[in-house]
Amino acid sequence: MLFITRKEHFNAAHKLYNPQWTEEKNAEVFGKCSNPNWHGHNYSLFVTVKGNINPETGFIVNLKELSTVIRTEICDKLDHKNLNLDVDFLKGVMTSTENVTIAIFNILAPKIKKMGAELHGIKLYETENNYVEYFGN
Amino acid sequence: MLFITRKEHFNAAHKLYNPQWTEEKNAEVFGKCSNPNWHGHNYSLFVTVKGNINPETGFIVNLKELSTVIRTEICDKLDHKNLNLDVDFLKGVMTSTENVTIAIFNILAPKIKKMGAELHGIKLYETENNYVEYFGN
Amino acid sequence: MLFITRKEHFNAAHKLYNPQWTEEKNAEVFGKCSNPNWHGHNYSLFVTVKGNINPETGFIVNLKELSTVIRTEICDKLDHKNLNLDVDFLKGVMTSTENVTIAIFNILAPKIKKMGAELHGIKLYETENNYVEYFGN
Amino acid sequence: MLFITRKEHFNAAHKLYNPQWTEEKNAEVFGKCSNPNWHGHNYSLFVTVKGNINPETGFIVNLKELSTVIRTEICDKLDHKNLNLDVDFLKGVMTSTENVTIAIFNILAPKIKKMGAELHGIKLYETENNYVEYFGN
Amino acid sequence: MLFITRKEHFNAAHKLYNPQWTEEKNAEVFGKCSNPNWHGHNYSLFVTVKGNINPETGFIVNLKELSTVIRTEICDKLDHKNLNLDVDFLKGVMTSTENVTIAIFNILAPKIKKMGAELHGIKLYETENNYVEYFGN
Amino acid sequence: MLFITRKEHFNAAHKLYNPQWTEEKNAEVFGKCSNPNWHGHNYSLFVTVKGNINPETGFIVNLKELSTVIRTEICDKLDHKNLNLDVDFLKGVMTSTENVTIAIFNILAPKIKKMGAELHGIKLYETENNYVEYFGN
């Protein structure tokens, strides 16, 4: 059993805001992250897949195909977008790094299964100083 | 004559959009950067100051003071903000990295002169793959 | 169950020296790390917390609070200090990256428990070429 | 139980090519990686060792010795080499990152056991956008 | 006058070898870089363009177009290639970082002139520890 | 005329302290950098050399020789040392990054002249957030 990781990127706007709270409570809990006019990040996305080596290729999974799946399913939908407004699979979700990470995992897991491997985990950097990891349970 | 550089950060939303153009022309020129719902970046800001060494301190300029000036004058006004909507000194300006870099230079130059040194240049990274430099003329 | 990691920094002096050994044995085992006049490093500290998402915030833990705890309990006590001389919780400890990592874990674990989450692990870089990880057992 | 990781480097040429396939199939599966005239990479190698702390040194393992073992057993044999042609322990192996990672693990595991510690895992970056990890089973 | 820089990548094989010298002299001067079976690198290429801002776009030059020019003219011809064997514009040239940098400059300068800007300089990293810069004269 | 840059490292202890001042004034100006028990850094040193290409080698200067000169003349004297106490060429000098940068330049300039090239500049990072550059006048 080996693990292979592919890094991709997307740049997006978002805000942290709980619509069931007052402005004051949002400001108190989320601070400047609740700016109603949005802010944004260069996100770095690490997708780790596990599996056995195909002896004919030496690969767990073809990295070019893996990259295409991540770009098609995730980056094309998040890059240069507003995470709160523009993304079907984040509708009604607080766009914390935690929730975005889980959503990405849930989309990619079945796609990678179809490639004959298994999604091990997602690691999402919001800035170079903080990241979230999710392994599916 | 020496040069000292301080790196600071801000995370902001913006879009590239020329209000005198049609939607189509904006989309054609700016592509996904013109998304009306905004996108965003983790900006890295490098401020380079030149001067001679003060023999009592060994410093061109006190880095802690330099950092405070950059944070007060620039980062506090841009961090977790929308560059198109929230920033007095960018009102009516296309928020390309080029224009943001010039605006930052013009604000910091007189502040650094007051510290007894000279602003040499500003280097602003929008992503790890592109940055703009401006040296004041 | 998710994992969130926050990166912080401290710059410190130290030496590796076993007082029960001769100078020669210290030099032989620790090499230039045993320089009696000290040397130093820019340490990078990664603190990983695990927990479930609070549905009201989308957070495992509020990163700003996590950062404050790490800075107050660790960085303020180690930054611009001599690890061998200035730090209460390292008194009598060989200041190898291994021992510093364990000490940091043991201080932060109960503080993070009070925040309603669990400290998963500490990763401490002494240089960009070596780091130690500790997961508490 | 702690984990210590040492990073080393090697720069090498290779190609991905299955000799039992036609040129066409190689090109189809491996794309530009199958260029018969080779291409190459700056590989980054992370070796993670686990063990308990020796109370006399504060070390799991002496990093200088660990570095020497990695350089002698691995980097000296791969650096500025052709992975397909010049390396005894890769003869007849597809030089995918996956297979190189396993080969490195299998060489280092007994060497590190002799140092009184245990090889936990190997992480090998082929580019900054992809890496493989192997933990021995 | 501003400067904008775009970073691109290519991974290639090469060797340093002077065909007018003996094997011994090549080995003496170039060391392991003269391995007849090649070695390789992940090259990072920084292209810096200077010009004035187009007030309609806020751009010196459209970065997407700049990226396309660099990829079409340079990266597509060098990526996953052997610099000594596969590249028209390096035929008969020692493939030192110095010579590759100059060759890239000379190809890009007229292309960027056609975009209405001026090529200021090329910075080419062979490894993270060494790079060459050329400004055209 | 081209420029080639080599990156090297050293890890050292130091403090900022003006012996002609009171403790209070030192603390006021230098803050935690004046800790009498020292602190330290992982310094990154970039040495840029300019010259013309030797057509027989394709080199401005042999990088291996350049690296050896930097290590022998600078890194061996600063690495795992106390900059205030252990370094002949820094005796009586405030060990600010500015002063260390100038001292390194002045040592390396004549050595690089002997190699048939010219020292263009020194860039010294004290942390990843600040660096000094000196070009010799």
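Residue numbering begins at 1 within each chain, and the chains themselves are lettered A, B, C, D, E and F in the order written.
Everything that follows uses one rule, which is that a contact is a pair of C-beta atoms (placed from the backbone, for glycine too) under 8 Å apart; a residue touches a chain by one contact, two chains touch by 3 or more.
Just so you know, these numbers come straight off a predicted model, no measurement behind them.
Common neighbours of subunit B and subunit C, by the contact definition above: A, F. Chain centres computed from CA atoms place E at the largest separation from subunit C. Counting the residue numbers used at the interface between subunit A and subunit B, over half appear in both copies, so the two copies meet with largely the same residues. As a whole-number value, the distance joining the C-alpha centres of subunit C and subunit F reads 28 Å.
Centroids of subunit C and subunit E (each the mean of its C-alpha atoms) stand 41 Å apart.
Annotation for subunit F: residues touching 2 or more other chains are 128. You'll find the chains touch as A-B, A-C, A-D, B-E, B-F, C-D, C-F, D-E, E-F.
For subunit E in complex with subunit F, the touching residues are 16, 18, 20-21, 29-31, 93-99, 101-102, 128-135, 137.
Those residues of subunit B that touch subunit A in the shared complex are 9, 11-14, 32-33, 35, 37-42, 79-82, 85-86, 127-128.
Only residues 1-8, 48, 53, 56-60, 62-64 of subunit A touch subunit D when the two sit together in their complex.
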